[in-house]
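The structure appears below as structure tokens.
Chain nomenclature is as follows: A, B, C and D, assigned in order of appearance, with residue numbering initiated at 1 for each chain independently.
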Amino acid sequence: MIKVGIVGGTGYTGVELLRLLANHPQAEVKIITSRAEENVPVAHLFPNLRGHYDLAFSAPDADTLGECDVVFFATPHGVAQAMMPELMSRGTRVVDLSADFRIKDAALWSKWYGKEHGCPQLIGEAVYGLPELNRHLIADAQLVACPGCYPTATQLGFIPLLENNLVDPSRLIANAASGTSGAGRQASIDALLSESSDSFKAYASAGHRHLPEIEQGLRSVLNKDAGPLSLTFVPHLLPIVRGIHATLYATLRGNAGDLQALYEERYANEPFVDVLPAGSHPQTRSVKSSNMCRIAVCQPQQRDTVVVMSVIDNLTKGASGQAIQNMNIMFGFDETLGLNSPALLP
Amino acid sequence: MIKVGIVGGTGYTGVELLRLLANHPQAEVKIITSRAEENVPVAHLFPNLRGHYDLAFSAPDADTLGECDVVFFATPHGVAQAMMPELMSRGTRVVDLSADFRIKDAALWSKWYGKEHGCPQLIGEAVYGLPELNRHLIADAQLVACPGCYPTATQLGFIPLLENNLVDPSRLIANAASGTSGAGRQASIDALLSESSDSFKAYASAGHRHLPEIEQGLRSVLNKDAGPLSLTFVPHLLPIVRGIHATLYATLRGNAGDLQALYEERYANEPFVDVLPAGSHPQTRSVKSSNMCRIAVCQPQQRDTVVVMSVIDNLTKGASGQAIQNMNIMFGFDETLGLNSPALLP
Amino acid sequence: MIKVGIVGGTGYTGVELLRLLANHPQAEVKIITSRAEENVPVAHLFPNLRGHYDLAFSAPDADTLGECDVVFFATPHGVAQAMMPELMSRGTRVVDLSADFRIKDAALWSKWYGKEHGCPQLIGEAVYGLPELNRHLIADAQLVACPGCYPTATQLGFIPLLENNLVDPSRLIANAASGTSGAGRQASIDALLSESSDSFKAYASAGHRHLPEIEQGLRSVLNKDAGPLSLTFVPHLLPIVRGIHATLYATLRGNAGDLQALYEERYANEPFVDVLPAGSHPQTRSVKSSNMCRIAVCQPQQRDTVVVMSVIDNLTKGASGQAIQNMNIMFGFDETLGLNSPALLP
Amino acid sequence: MIKVGIVGGTGYTGVELLRLLANHPQAEVKIITSRAEENVPVAHLFPNLRGHYDLAFSAPDADTLGECDVVFFATPHGVAQAMMPELMSRGTRVVDLSADFRIKDAALWSKWYGKEHGCPQLIGEAVYGLPELNRHLIADAQLVACPGCYPTATQLGFIPLLENNLVDPSRLIANAASGTSGAGRQASIDALLSESSDSFKAYASAGHRHLPEIEQGLRSVLNKDAGPLSLTFVPHLLPIVRGIHATLYATLRGNAGDLQALYEERYANEPFVDVLPAGSHPQTRSVKSSNMCRIAVCQPQQRDTVVVMSVIDNLTKGASGQAIQNMNIMFGFDETLGLNSPALLP
């Protein structure tokens, strides 16, 4: 039984960590921090946890967090950067769900996040926690930067095409849509049910912070001579709570062969990537509450544009579930421990 | 063409007034106020109004408002009380959508609204703007206190029973449910789509501010010897934007006779109350965007409990539509002017 | 590991049984029947089950079902009645999720379900599977009639009041609302998203089939001299998928004492009934996907009407979860086995 | 006052025609047909129309329809083809909301709709009813083929780019999403609220019937030497009732100049196309119930992919509203008659 600490537990990734860890056979949450809700029982804020946790929120404290085997950061960007040197120096292993250590270029991070990076010396230590790419590095990592939600769905969709040099990397398009839980648990007018239900819109079309993260990840799987990579990424807001759907478009370089077989082979041994039969369309509800990514690939009218559809639950495979998957790998547990419940349907 | 002013136009009753008045043949909005959004075009805040209004929000000013023929208050409680004496002294006619002048007992108002009433001397002037009860008084009123949303649906449902002394007034129950727009256009965590969609709950079961308003209204139609009136009122929050559904229960005093005929006769000449055929169940979407109240009455298993179901659009018949209906009556227009579009379905 | 058979697996209670049993440590689904989908893999119909089941639907067959330790009926009414004699004679234990054996009076059953009861001789054998009332009888039962969804929420809410003779049983009111999954997985216009979303309505106010079941259950806990019991039950349709909310009203006979303590004591040892702190309002999402019933009780303005609010997930505690709870009791397992995941929130 | 007939009035385009025509000052619905609902009052099927229409459905009959000034077909494909010769020979003017006469190539129509075209001789007569392209032809047409919903949103978004030869027509992408009302008012499992709410998916990615219609329309505005045109079109199903959002991608041929000005100029005189300010994102609710199309254009990171976002209400500008706009043009009325209400928001 390993001891788990969670920094910043009052948001949706916090409660999702608690939900998933409630029955994890090898991990126990010992600390969950929040300055604003100090001493409030977690089950008071999140009634679904009544009967599952006796824990109350506490103020963050490096000493007590340092006694944990692993600490999850479920915080806004900037927080993990400030606390990381001390935790790392104690030997604590960390899974950071925020964007603080995802981008390898500190200047690029600063450009998109609007401030200086607070801990550039540890960026090199961080392993990008997409198990389907970096499983072996994750196993030995002290610091794992857990991917964003859009980046997870988008990279898993594009990887087989790019690894095999089948498409023009300079004309990639990701049309993605997310449920409102992606915007977090914070008061706002735009995210009111009265404003965002029964409606649909794009946002951040001029540039979303996940763009550099996705481009960095996709470049990492390109062949050397594949040429420059450029992605047009347009996120949209869905009137649902959970779920990301990415519809990906790429231009084939020539005869692509059997794309269905390509995807099935690439992900044959992945416990959390499910390639659907040819002709399928994944729906977000088929992964709700689960750590699964379901993918379908097609080539409409046999023209030269390939379309990939990829769905995840943004709070699970897109955040807290993937964080636990990383923890399982880091501690040598079965990778699916605590993550093998079927999605909730209907 | 009368000149209309709106005080406090950035909320949902404000935009609903603008939507309904956009094509009113006898009224033109000249002023709409907001301190927070001063100089911002209304069509910038409410994109549905693009092309319909050139107006921008202005700071509230008694001089310019005083030039209007009628001023609507679409403000939180307390605001109308402060501005009313000056406007009234200029002879301006006012329709107040807030709760400021609905309750005749200033002490009772204070108890439920948690502060001293700011203008007790004008309470007596105010006519309670439920046209189905007070049409003739409204016609001559200078100040109309427009009923709340729950009170409108609940009173219209109970009135025929109480006017005819058919039920025990001491055991009335109103189980009501409202869409989220009833909570207004203000940032909050509880009203996020992520929190309130795909869920249902009661709230304020210990006592909602609309309770004294409803009880006052129902008492006003009781026969003299009917005995004391007591209502149990439990509101619920629906995961929809617009709509109120009230399910009303009362104990019959004896053989009630033909309740269907009673309701049909009571509302035969009412343009905005529609009694559905026996066996019907009104649905909130059947009145969405319209000023109609639809009602059905039944007596399950011919036992002694009568059940009435009443639906309105909380922003229309429950607020801004009824306010315009009052305006039409005050100025001698056809009562349905600007209010005769069918509900939006589907 | 016991062997489980499911008759009628293509509906929502069927897929919910499969979801909950996927990781049950003591039960394995061996057979799932459907004539219409014979030979179709269950994971084809329900994509959330991909990777969790290799099973395909088969035609119902008494021989193979008879080899199971327990058979669940997740069928429309009438089916279980037809197959029950043969299964019972083989000694197979049965949990019937349908209404076939809930009502003890065959004539009353016929009146509400519109046909002759097909197996009146076994009605006496059936134990009504509400563990909070009948735990010891369930342990030894061969045939358990699993309660309906509305009856579960309503009975659990009223039981403490009626057991203690605190309210007038002749004036009970249950105002209840259900998500659309309660209507089952069958094509209809009324249940289209285009028809039932963004709306709310009552239905079956003249009489719903769950009324006699609820009244029978409530009568069973009444004191001998409590007098006749009569319930007014009005169900409503919520624009959500899962969840039942019952708002219950009863007239107190006198000083009721500490209702909060009464409820807390009554359910202190119940693993699946959670009495919320005074002043709370249970929300349906707090039990989504879980077997929990959450209850709050209040007495508005200290008047003589008590209000109880009770929420369950209609597919879990209202059907398949409760069925598994019954199975756990019948086979001597820990009652919470396979049922201890927190609800999904947000 | 012209006389209007509607063939096939029980679907969503039928009730939307009735809603919009209820207050049209120059048109009166005299006949509405349905074999299945013969003699049923329209207000019985559509409760929002209570008080607005005394009309009942009648069986379709060429004689009585022939007495109308204009007949709308709100029917599944195939029906208008069968009745068209007789109506046309009587001189009746027709607006066909179905797909029967939209595609100029009868063989192409047959390929996508799976049967022989029933009236190829009249295809040449039909004017494609997109007023922003064909206003003058519509004015004189006897038969107008009203565009589909996806084609309307998509064409209005692409037209300025293609007319000005700014993009490569061989690599167009339309990622579109529709509310469920687009699937019509017919019983199905997939369109149940229980199945389609709280979820999102693509469908028909291998080829949707609107693809050839869109490609035909886009080709019609291309410069002669623009080269071949090819569109990848992927529709998605939104968990909302009304609304289409099209996100369009095209590769710029070179320096595109001021795209914002281009769009504003192109649509400056169009009453039902609203180009939003630079940086905006149109939301479907901003056009709900209205005939408006709102469009925004952007060029992310100044790279060579242009993104256009276009929203309409699929039942209004995407069907019945556009049909009435066509009628207004055909009869010389003000084009906005009956169509100038603001969208419903919130």
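Structural remarks
By our rule, contacts are C-beta pairs under 8 Å (C-beta built on N, C-alpha and C of every residue); 3 or more make two chains touch, one makes a residue touch a chain.
Given the structure is predicted, the values throughout are model-derived calculations rather than measurements.
Relative to the C-alpha centre of chain C, the farthest chain centre belongs to D.
Of the two chain pairs shown, A-C and A-D, the one joined by more C-beta contacts is A-D. Chain geometry summary: the mean Cα position of chain A and that of chain D are 39 Å apart. Taking each chain's centre as the mean of its C-alpha atoms, chain A lies 37 Å from chain C. Annotation for chain C: residues 12, 181, 185, 194-195, 197-198, 239-241, 282-283, 285-286, 288, 346 touch two or more other chains.
Of all residues in chain D, only 12, 15, 18-19, 22-23, 46-52, 181, 185, 198, 241-242, 274, 276, 282-283, 285-290, 292, 294, 315, 340-346 touch chain B in the complex they form. Touching chain C in their complex are the following residues of chain D: 12, 179-181, 183, 185-189, 191-198, 239-241.
By the touch rule above, chain D contacts chain A in their complex via residues 171, 173, 175, 177, 194-195, 197-203, 205-207, 230, 232-234, 236, 238-241, 243, 245, 247, 249, 251, 279, 281-285, 288, 298, 300-301, 303, 305, 307, 309, 311, 346.
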